[in-house]
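We just call them A, B, C and D in the order they show up, numbering each chain from 1.
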Amino acid sequence: ACGNSENDDKESSNGKEKKDNFTVAMVTDTGGVDDESFNQSAWKGIQEFGKENDLEKGKDGYNYLQSKSDADYAKNLNTLVREDYKLIYGIGFLLAESVGEVADQRPDSQFAIVDTVVDKKNVASINFKEQQGSFLVGVIAGLQTKTNKVGFIGGVESELIKKFEIGFKAGVLSVNPDAKVEVKYAGDFNKADIGKSTAGSMYSSGIDIIYHAAGGTGKGVFTEAVEQKQKDPKREIYVIGVDSDQAKLGAVPGTDDNVTLTSMIKRVDVAVKDLSTKAKEGNFPGGEVIEYGIKENGVGISDTKDNVTEESLKAVEEWTEKIKSGEFVVPGTDKEFKKLGL
Amino acid sequence: MDFYQVLQIIIPSMIALAAPLIFTSLGGVFSERAGVINIGLEGLMVIGAFTGIVFNLMFADVFGGWTPWLAVLAAMIAGLLFSVLHAVACITFRADQTVSGVAINLLAVGLTMFLVKLIYDKGQTDRITETFPRIDVPLLSDIPFIGPILFSNGYYIVYIAILISFVVWYVLYKTPFGLRIRAVGEHPMAADTMGVNVTKIRYAAVLLSGAFGGIGGAIYATIFSNEFNHATINGQGFMAIAAMIFGKWHPIGAMGAALFFGLAQSLSIVGSSLPFFKDIPSVYLLIAPYVLTIIALTGFIGRADAPKASGQPYIKGKR
Amino acid sequence: MSKYFSKLTSPVIAVILGLIVGAIIMLVSGYDPIAGYGSMIGGIVGDSYYVGESVRTIIPYILAGLAVAFAFRTGLFNIGVEGQLIVGWLAAVWVGIAFDLPRIIHLPLAILAGAAAGALWAFIPGYLKAKFRVHEVIVSIMLNYTALYVTNYLIRNVMTDKLDKTERIADTASLRSPFFESITDFSRMHWGIVVAIICVIIMWFILERTKTGFELKAVGFNQHASEYAGMSVNKNIILSMVISGAFAGLAGAMEGLGTFGYAAVKGGFTGMGFDGIAVALLGANTAIGVVLAALLFGGLKAGALNMPLETGIPSEIVDIVIALIIFFVASSYFIRWIAARFKKGVK
Amino acid sequence: MEYVIEMLNIRKEFPGIVANDNVTLQVKKGEIHALLGENGAGKSTLMNVLFGLYQPEQGEIRVNGKPVKITSPNIANELGIGMVHQHFMLVDPFTVTENIILGKEPSKGGKIDLKEASEEVRKLSEQYQLRVDPYAKIADISIGMQQRVEILKTLYRGAEILIFDEPTAVLTPQEIKELIFIMKALIKEGKSIILITHKLKEIMEVCDRVTVIRKGQGIGTVNVNETNPNELASLMVGREVLFKTEKTAASPSDVVLDVSGLEVKDSRGVSAVRNLELTVRAGEIVGIAGVDGNGQSELIEALAGLRKTTAGSIKLNGKEIRNLKPRKITESGVGHIPEDRHKHGLVLDYSIGENIVLQTYYQKPYSKAGILNSKRIFEKARSLIKSYDVRTPSEYTPARALSGGNQQKAIIGREVDRNPDLLIAAQPTRGLDVGAIEFIHKRLIEQRDAGKAVLLISFELEEIMNVSDKIAVIYEGEIVAIVNPKETTEQELGLLMAGSKRMEAGGKQNV
């Protein structure tokens, strides 16, 4: 690892006469590019964009800066502006404020933000219809629960995470009106222990499928499920992962079992690559909000679906069509959910 | 959900949450009883968590089911070695013990994260696959009523934590070594004039605290986070210090305090699904462990005095 | 002259030793320490933007350091600076949002609200220590968590409707300065630096020049003698915590009114409170020492951000260096011992 | 002649000071050998060298004629040297037995064998008639018993040579008697003793020979039966010392302090002062005589406002001051030299100058509008340091660095300088050398002659007899008798203090 970075360093500092590449870079939130969540996914998208356009990591190509605290967002964004990157991403709604501020200060630079809206001429906002993906995993959960009790564990209650919760609830109840969905918020995205204990209490109370939208806290949900399964292999309990395919978190050691039912996928990489390409071609959608839903291939369910039954898959397909065609609109807020009358 | 069922959910999670705190606070008891304040427990837990996870990842293929146990052992040794820094600074070089502890904390996080990036080239380790298995304690779990509450669905290491606190009590209060530790923490010069080697005893106590802190960190990481990153140990060391003070620097007291913290935390997690707690805004449940601790300290636990010489370097002949 | 010199020698030697050990670690790990430190220094003073950002980083470190140092000087260990800082942040932002006032009233009011909230939060451990002899360390650790959860709750449920951060404060309550921004190429350096310096002077003045300071320190050293001398031990314990908490609350207010302009739900502690302990101790708990320590500490932290981008060295190396420096300062006996050996050898 | 201990030409330096300069001490087997010198003369240092706590820069130590190197207390113990330190080396929360066995614990299978230990302690205490309760906690037992524990500690380790560093400074007359008895018993058992004391009477009573040191230098050794207190005192101080403090007859006038029906509870809530009646007039010194633990401490604390009283009245110049805050009491004209100078009297980490204004820092001219005027503070300090002969490098020196005597002088200067109507002096000369004692007694009498009321509390009968104009005997929290020092004897006082004889009229009469 270290040798590489030394080379990077040389290349980047030697290449003083900056080529006229279309360079892109991103600022992570405190999670970093290996958070197994949207930072990682975004970085993947940037890397792919780089590969397709023959760019290298470094000042002439693509790069990222990790923030160690909230205070670093603006500074990191500014640093990237000063390094003359053509398109600069702020990954995560936490960076909204800073992106807005720096965008004002640097009207000639192009920015993009993920997961929220920054209403500035030189900022493009990438949003996802997480409720749609969550709806699909909800359908699976609704059909496959044996106890008619399913759980949802959110990180911190917010508009964004609410979309996951509401979509999931709607999905479960649409196919299984008798089911009960228990919702709990851990109050933190980074407390695996809370996730674990919460999952423990849910499983003990008869819930057999848990969908989490809780980042690091959610990892604790997997741990609990795996341990329960290890102790009692006959137990049928599942976790539904989020953001990326989390199946590897659910593998039960020493067996072929996996407690991952499926995962709700949010293709930040697709969106980032897509937007970068548009910007390179001179079509930077500044000031616009670009929504990625099922239709845009921005959300969906994971490829790993060994535990998903045929019946569920068929249902998922049907609902996918309905959503794509606009026949069914998945609710994303409490209000919309009530209107649905489930 | 009836009450019995509630207990079945709360109690195992309480004990599990308490286990890392128990070990770490016992470490604190050793060190402070010998007169060396150890604010660095947090850092020692970080070292333990890091070592436990890295060892686990490296040797899971070799040791299989024994890996978590050996990882804890490795973490114990790592914590012990790391605490040598604290010991040398505080005992030999008469450093301010609080300062040294703060340095330990900073150093531990810096060093482990530096190493994580060096080894894994990312901000956290991979996830471990060999964890402590869930067990029903043979025989005991069959006891009617309390069996399912206390001895089912737990981890062996958690029960060991409770047993160890009794062992520590025995060592501190029944053996010559313990007598010397306590003497050195109260009145090092008296101990010195009685032929007790103050330096040696203090080194031993600080190293023990490192070993225990390392174990605590490893258990936490192995049971709860399954990986190591900068936020894996996030204040547990300070909670362990609180447990130690709450427990009046007594091993059994510290264990009791750790269990209390575990209970309060477990309540805050499980509470929102219990009938009685359901309507309480979650913030009340979240702060309950901390507020309850303060109330308990104010109300009925009352004053406890730290070992008299804690915080002071021992300089021969100085009064 | 020589007195000051000797006071400074061991910290300076400690800094040098810390940097040397850091360099060794970089070498062993296969990095180039010169490039590493070069990029770090670039990140501190490289150009006006970085200077501005470094100054901004230092502001809360100074105030948090003062908070810890003040308590230490009066015999108390305020490990609750973190919590006091968080509530001070929120209170200042709240005033910044909720009122519509001319700047000359609004800004001071918001700053004072931060100080008052921090003071109030520190009053609790002070009061409990005075009245019930409860150890201030546990109470303030517990209050750190309480502050975190309560402020998060307030932001989400009271100040906003389930949002993760408050709206921006009014311009009339902002510490931001177009002037500083213009001379530092849009850094977020703000007027908080003036507040911090005023507080440094206040702390020095209270402790060294006032009868209140005389009492506070006396109570810290010897409660029995202070009581005998007619001082109120309880009052002074509480007062000491309250003043310390006010500094901590100000640290938060500077973040809320200067750096950020809003308060956001926090996933965990800011860490500034704990860093304040290190700053205070590195600064030997004196006002001027805290400034120097904060300069070093904040500078290194600000510079660290530059290292991964330029050289690929994990920025944690800076944390290691800081920790080592603190170690060496703490073990100044060791440095003096070496120095004595050295002198003897020369003779 | 056979010496058990020989310390030859010992030199011990501390940074900036030579504590022992070429001192020689030779102790014969079976003798009690006194070590005499002013405060800070270097006695404790010499003994700490012998006990292995300090390493001498020069000189030789021989035990039973053999040269030895004593590098740690452990080695001293092995050589049969035991030390009872000036400040007790006891672990407060431990029991008597635990303290005694620490470092040499009998154990069985890794566990301390408390039974055997207690048995051994009991045996030892019987053999030497050192009454202790093996199971009591140190914090709960009297100073006298603590000292017996210290002695047992050395005996448990098989000490043949015992060092006592100022053992009597903290004891009551009764306890001193007991200690002397014990020392004699130890000699009979073949032990040898080195005794440090400032009390010449004790030296004359029990010792065989005396070695005198002055300012770190050995002055010489004399046989006790060939000398007298006056000679010893001048050997030690280097000048003549007056023992009987000279004073004219008192001329008491108005009542300054009037205590009646006072009830005070001690820290455990037990009644310590009961229905106490006491008056002190301007121009007289009233001494309170009594055995330690009869309510003296509680009485003083109540008078100074440091402890709440439950009933009665305390009038100062006719005004009620009972249960007022300490500051109100000080301001109404009470000066107080506290019993424990380290605990109450001084903030040891403050400079001596700051300590001098500890009671007045908030008043003009030392502070104005809440701001200290350090110039005036240290001016004041300089003048008091001069007039009270406080030996300190400067007014900025931390109080901690001063010797006990000089600390005491600073406190007295501070309290007297405030010109209080009533001066309470509690144990003002404890642990001080004769020169310092003389100085302090003079100051007390000066106050009296200036028309102030002085209340003196002391366990030293000699001090009470010498200085007081009137003696009130306290027993179990009551004043059981008031006597005129000129008309009483130490024997009579002793009986009164032991509670065996009450004056017919109770404590109510005024002389």
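Please note the rule applied: a residue touches a chain if its C-beta (ideal position, glycine included) is under 8 Å from a C-beta of that chain, and two chains touch if they have at least 3 such contacts.
By chain, with names taken from UniProt: B, C = ABC transporter permease; D = ABC transporter ATP-binding protein.
Because the structure is predicted, anything quoted here is derived from the model rather than measured.
Trainee: Please report the smallest number of touch steps linking chain A to chain D.
Mentor: Each step joins two touching chains, and the minimum needed here is 2.
Trainee: Skim through the chains and flag the pair connected by the most C-beta pairs in contact.
Mentor: Pair with the most C-beta pairs in contact: B-C.
Trainee: Please identify which chain has its centre, taken as the mean of its CA atoms, farthest from the centre of chain D.
Mentor: Most remote chain from chain D, centroid-wise, comes out as A.
Trainee: Taking the mean of the C-alpha atoms as each chain's centre, how many Å separate chain B from chain D?
Mentor: Taking the mean C-alpha position of each chain, the two centres sit 46 Å apart.
Trainee: As a quick test, compute the distance in whole Å between the mean CA positions of chain A and chain B.
Mentor: 35
Trainee: Report, in whole Å, the distance between the mean C-alpha point of chain C and the mean C-alpha point of chain D.
Mentor: Centre separation, chain C to chain D: 47 Å.
Trainee: Hey, how far is the Cα centre of chain B from the one of chain C, in Å?
Mentor: 28
Trainee: Mark out which residues of chain C touch at least two other chains, giving numbers and ranges.
Mentor: Those would be 29, 149, 152, 268.
Trainee: At which residue positions does chain B touch at least two other chains?
Mentor: Each of 117-118, 231, 234, 282, 286 in chain B touches at least two other chains.
Trainee: Touching pairs of chains, which are they?
Mentor: A-B, A-C, B-C, B-D, C-D
Trainee: Flag every residue of chain C that touches chain B in the complex, lowest number first.
Mentor: 25, 29, 77, 79, 124, 128, 132-135, 137-139, 141-146, 149-150, 152-153, 157, 268-269, 274, 277-278, 281-282, 314, 316-320, 322-324, 326-327, 329-334, 337
Trainee: Taking the complex as given, what residues does chain C use to touch chain A?
Mentor: 29-32, 35, 49, 53, 57, 149, 152, 156, 162-165, 168, 181, 186-188, 255, 259-262, 264-268, 270-271, 304-306, 308-313, 315
Trainee: State the interface residues of chain D toward chain B in the complex, per the touch definition above.
Mentor: That would be residues 48, 51, 53-54, 72-74, 77, 83, 85, 87, 89-94, 98-99, 101-105, 107, 110-112, 153 of chain D.
Trainee: Can you list the residues on chain B that touch chain A in the complex?
Mentor: Those residues of chain B that touch chain A are 1, 5, 8-10, 12-13, 16-17, 117-119, 121-124, 127, 129-131, 133-135, 153, 220, 223-227, 229, 231-232, 234, 265-266, 269-270, 272-273, 282, 286.
Trainee: Using the touch definition from the top, list the residues of chain A that touch chain B in their complex.
Mentor: These residues of chain A touch chain B: 1-2, 31-35, 66, 182, 184-185, 187, 190-194, 196-198, 200-202, 204-205, 216, 219-220, 223, 226-228, 230-231, 248-249, 251, 253.
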